[in-house]
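We just call them A, B, C and D in the order they show up, numbering each chain from 1.
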Amino acid sequence: MDELRDKARELLQAGTVKVVIGHAAPSAGRRRPVFVRTPADAARLVHDEGCWHNLATYLTRPQVRRLGKPAIVASPQVLRAMLQLGAERQLAEDEAVALAVGNASSIRVLPTLSAVEEHLATVPDELGAAERAELERLSALPPAERRAFWEEQLGRCLKCYACRASCPMCYCERCTMDCNRPQWVPVASHALGNLEYHLVRAMHLAGRCVQCGTCGKACPVGIPVHLLTLFAEGTVRRHFGQRGGASARPEYALSTFRPDDKETFIR
Amino acid sequence: MARIGVFVCHCGENIGGTVDCAQVAEAARSLRGVVHAVDYKYMCSDPGQNLLKEAIREKRLDGVVVAACSPRMHEPTFRAAAEEAGLNGYQCEMANVREHCSWVHEKANSTTAKAIDLVHIQVEKVKRDAPLHPIRVPVSRTALVLGGGIAGIQAALDIANAGNQVILLERSPSIGGHMSQLSETFPTLDCSQCILTPRMVEVARHPNVTLYTYSELEKLEGFIGNFKATIRRRARKLDEKICNGCGVCTQKCPVKKIPDEFNEGLSQRRAIYIPFPQAVPNKPVIDTANCTFFKNGKCRACEKLCAAKAIRLDQQDEIVVREVGAVVLATGFRTMGLERFPEYGYGRHPDLIDGLKFERLASASGPTAGVIRRPSDGKIPETVVFVACAGSRDEQKGVSYCSKICCMYTAKHAMLYRHKVHGGKAYVFYMDVRAAGKNYDEFVRRAVEEDGVKYVRGRVSRIYPDRGQLVVKGVDTLLGGEPLEIRADLVVLATAVQAQQGSEEMAQKLHVSYDNHRFFAEAHPKLRPVETNTAGIFLAGACQAPRDIPESVAQASGAAAKVCGLFSRPELTREPVVAVVDRQAPPVWSSCVGCFLCRSACPYQAIEEETIRTRKGEVVKTVARVNAGLCQGCGTCVATCRTKSIDLQGFTNEQLFAEVMAI
Amino acid sequence: MRVGYYPGCSLVGSSRDFGESVAAVAGALEVELAEVPGWNCCGASSAHALDHLLALALPASVLASAARAGLGEVLAPCASCYHRLVSAQRELAGSEQLRRQVERVIDMPVGAPVKVLNVLEWLERCIDLITPKVKQPFARTVACYYGCLLVRPAKVIEFDRSEDPVSMDQLVARVGGKTVEWGFKTECCGAALSIPRTPTVGQLGARIVRNAAGSGAEAIVVACPMCHSNLDMRRGAIEEALGTSVDLPVLFITQVVGLALGISERALGLQRHFVEVRWPGRTPTATASASGGAAPVR
Amino acid sequence: MEPTPTRAEPSNGTGTFQPKITAFVCNWCTYAGADLTGTSRIKYQSNVRVIRLPCTGRIDFMLLLKAFARGSDGIIVSGCHPNDCHYTSGNYHARRRWIVFRDLLEFTGIDLRRVTFAWVSAAEGAKWAELVDEVTNRVRELGPYREYQALLGAGIE
């Protein structure tokens, strides 16, 4: 923690960055994103299990961009998000400094995306045991029960778009959901529209998802929406061996192909 | 409010016999936006078309649906009719109630019901049809021909003779290519030089042809009609305009003993040299890799000796940029190196040679003045073995295909040898003789029957030196598979034809695809054999697949015809069914976020970058733009775009959505 | 260092000299040869011509026993054994069903994949043990003869270059010898025809010997018992075919390496050869016939 | 969307359930193949409604969702065989999209027996007929896609 604050302070003092994106603890137990802009404020930074936001989400926000060059407290998922943003040309090679935390005990300052990629090579990219178990459980259910499960879950969706807002990959200025010519998906919170919304989200994240699961944590009514994106991303990894957030090179699984892609259902 | 007209065709009994056309028309009338609906016996007949035209005029229709046959059949007909009546052709749609309905279903209400649905679908589509106008792309009427072999020369001449400008680019110091190395040509045995050199001179002299020899393509940008070619003209180290080609320098240069490329290393040249007597241009070039001056700054013999004072030792490469409208790829082929044949001792033995070397030995202008002498000791070989399919049709060698020309030139070689060396023995080992072509099989028969060439059907397993000769071990599969050994003085391998050196890099430079053997890929194996998948780039000769001279020339003329067609109008018009990236008023400008994930989805590299700037010129953002010149309208990018920022004219999201909703 | 060892029938029978020289070299290099417990015939030259399943089961049981004995690598000096073991291994790896079938026959699991080494591969691996131990460089010019089994079919064997192998030449060079370039490195020696069609073997051998001698070799070096017996034991038939006698001994690569390591000729079984090694400065040992080997078949 | 005379399930008068099948096909292979079915006068059931697109690469997965939303009981998606794409690679991209989308549909419990993917070339008129009949029969067996239509609840437009 101290090391993190020191590093942040140094960067701000040196003027290398204008803002450090991290987590703060306004009150016991609560953790929320904070934008530290003065060396003194660096003391507010915390990093622990409670910090679940994928802070990379803020890198593409115009309001944040206006603050100047950022450093960002970066868990592996944040780092992957940064690479994916790089691949999608939303983040330039040296546009943000990453303060890599997490698996590595000490903080590592990664000034460029190439540095991030190098660092990530040493960090295993695996799905949490809990998520994997849940995905397996659902996949094992008979179709009818799976349908029932999602009908019940998605039935509670308010279409508040918290999942979208919390996702580092949902930076699009106009989401399909906001597209009204044609109105692909009905606006109202509605059984069918909800299903369509979450299918669209999953499809749009397949091959781009960094599997941080933030969308699930962000849901105010506790729908495990992250399972859908995790599953879609998993499908891509399984079939095409490509991963979201693997590198800053544009290698999107769904706009590339191999002539020998395997499939068993096309007759 | 839309004003749609619906015209239901009976097609005699073809539709009317199964579908209740009157009911379809009546149902159509009740569709929102439809102000006119009739059924008629034959819509494609003149009266039928007039019916359509009149209705468009009188009812001021802004869209028509013709329920008749497949659009693949008559869409052009009715679009033209609509145009005549002043309606944009792209606001005419067809409901396929024949191929997709009346012909495939029994007479029943359900069939009529389906016809009504099909009409409804098209009505919803046509309501959302924007008037489209053929895309016009300006064409710069200059063609760039890459490669100065027979294919390139032929293409250049044909294009130039049609009154267009041509830039003919050749990597080596002279044009002529492989054909200039050949002795005689099958099946007529006329001298290659005699038929080729006039063409070389003609193309060089042609007022419409700019010849760039000793030059290479650095890069090619742009798209059909509007390419920008960056060319590197390598320094010959002399002033071509002043040099009169007297050749003194090439005789006096102290650096000898450089293997002569043109003679396949059978003779030697100097460091300053003219590739061959009939070279075009007939000007020397300094081989800086071997020139003493360029090694240690001394010598300058050529400079001193040149009466014309044409030597320019300080001359640098020159970069020229030219606008071209089309490109013809004619970069030719190479043959498999003998080092690929361990079973034949890697061709380390001087008397084991390939076909091109033999061509030089047999050529009157060659190092032996046309006398067949074996390289090792200059002895006239009494026995020569020719091995066909050396590498070809051999998976082990990574060549699954037939090299096509070997059967013929091997027969020619054996024939020439028999003509030149009376009493000499010529054997040909072959898999099977493929002599398909005008007078080809007759030619091979002649080799066998008149010139007594011994054809042995079998493969050669090993060739090894033994007491001054080469022992060729093979098998005669027609004589009960008896193993066979022939002691030969000279062995000639008909090595496999392979894609040109660097063809992969070339393909990437030009964004054309290539097959797994690195030959350039045609757009369609049967129907578009001289086109590539990149509009405006065409193929000629052996860079696409092994070809002989007549085929290369024919294909070159074909490619030239395509180029001339393209150049026949000042601008080319293309189907407006292309993708467009959405543009909006500030402050949005465009819903595209510039992630460019669509880029790799485009088969035609049509997706470009556009930097949007405010009036003050500050950058707002970089977004995708579809190059209408390259886009072929598949719409893959549209389905890939998350923000629905790309749409395909003629098949827009709104249209397809509405069509689905109409079902 | 320890390596699994599968002598097969030849090395304890017709080619004892090969077996002895392998053992001698291994000893000198302090490499323990751990014999595959209860090994059986590899089925070479007959089984695969008669019964596919048998041809797989025999080598499979050798491999299985090796795996069971925890041997990760098995040296099979005889080229035929090596060829059979590798081929069977490949085929079984390719077909789950075939594997199960064979396991039923041999009544044990094929088990963990065992790396089968031919004698050249093995010596290559030991090269760093060999070079420092070289006492008297093998100052001879020889023709390396690989025969057919060591490198073919390329798809199965994946060792060296099938058309123009070089591993043996490199080994000879490493122990101080010279090798000639010649045309018969992988030509057929007649192999199993030795008994049914001796004259054929004579003719085939004749060309090999002639070309080797012609290219200036003082000896032929082999890595296969078949090659050896056909070029050495059948020298009579060969000389008949040649119409003259050729003084061109045939050595196993292990004997060449052994000599360089300073191992005694007897320990290497040199005296068992039919064509005696007559090199200047060498005191002839008793010839094969004298040493009780089988009489040369003429 | 306004009501139309044919919103009711198509019926061939026999009273048996007539499923609504929507087909999304590419212009160059499957659409042409279906034309060939016509010119060869091969008969098949009339439940299918064809939406023509230039290429399978253009088929937005949203369209499939919308077809279900609009009450389709079955969906056919078909285009050129691999290697035959008129646009060289549209179908390869489509194939990847389908692989992912199909898995996702399965994961959310959507009945995959109602979505059929196929390659039908311009020469396979007979295959088109077989395909349509097979799908129609299968979906007729399955009955109306009530589970999905139930999601519609109140009108969605």
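Following the convention adopted for this analysis, contacts are C-beta pairs under 8 Å (C-beta built on N, C-alpha and C of every residue); 3 or more make two chains touch, one makes a residue touch a chain.
Computed from a prediction, not measured in an experiment: that's the story for all the values here.
Engineer: Which chain is the middle one, judged by CA centres?
Structural biologist: B
Engineer: So which chain is farthest from chain A, going by the mean of the CA atoms in each chain?
Structural biologist: Relative to chain A, the chain with the farthest C-alpha centre is C.
Engineer: Which pair wins on C-beta contacts, B-D or A-B?
Structural biologist: The comparison resolves to B-D.
Engineer: Using mean C-alpha positions as chain centres, tell me how far chain A is from chain C in Å, no decimals.
Structural biologist: Centre-to-centre distance between chain A and chain C: 62 Å.
Engineer: Please work out the Cα centroid separation of chain C and chain D, and write it as a whole number of Å.
Structural biologist: Comparing mean C-alpha positions, chain D is 66 Å from chain C.
Engineer: Starting from the mean Cα coordinates of chain B and chain D, work out the distance between those two points in Å.
Structural biologist: That gives a centre separation of 38 Å.
Engineer: Please work out the Cα centroid separation of chain A and chain B, and write it as a whole number of Å.
Structural biologist: The computed centroid separation for chain A versus chain B comes out at 46 Å.
Engineer: For chain A, jot down the residues that touch at least 2 other chains.
Structural biologist: Residues 176, 184, 254-256 of chain A each touch two or more of the other chains.
Engineer: Please list all residues of chain B that touch 2 or more other chains.
Structural biologist: Within chain B, residues 601, 640, 653, 657-658 contact more than one other chain.
Engineer: Would you pick out the residues of chain C that each touch at least 2 other chains?
Structural biologist: Answer for chain C, listing residues that touch two or more other chains: there are none.
Engineer: Spell out all pairs of chains that touch, sorted by label.
Structural biologist: A-B, A-D, B-C, B-D
Engineer: Name, in rising order, each residue of chain C that touches chain B in their complex.
Structural biologist: Checking each residue of chain C against chain B gives 154, 161, 163-164, 181-184, 187, 211, 214.
Engineer: Can you name the residues of chain B that touch chain C in the complex?
Structural biologist: Against chain C, the touching part of chain B is residues 342-343, 345-346, 396, 462-467, 471.
Engineer: Which stretch or stretches of chain B touch chain A in the complex?
Structural biologist: 588, 591, 593-601, 622, 640, 642-645, 653-654, 657-658
Engineer: So in the complex, which bits of chain B are touching chain D?
Structural biologist: Listed in rising order, the residues of chain B that touch chain D are 27, 30-32, 70-73, 96, 98-101, 103-106, 108-111, 113-114, 116-118, 120-121, 513, 533, 577, 601, 603-604, 632-636, 638-640, 648, 651, 653, 656-663.
Engineer: Applying the document's contact rule, which stretches of chain A touch chain B when the two form their complex?
Structural biologist: Touching chain B from chain A are residues 88-90, 171-176, 179, 181-182, 184, 204, 250-252, 254-256.
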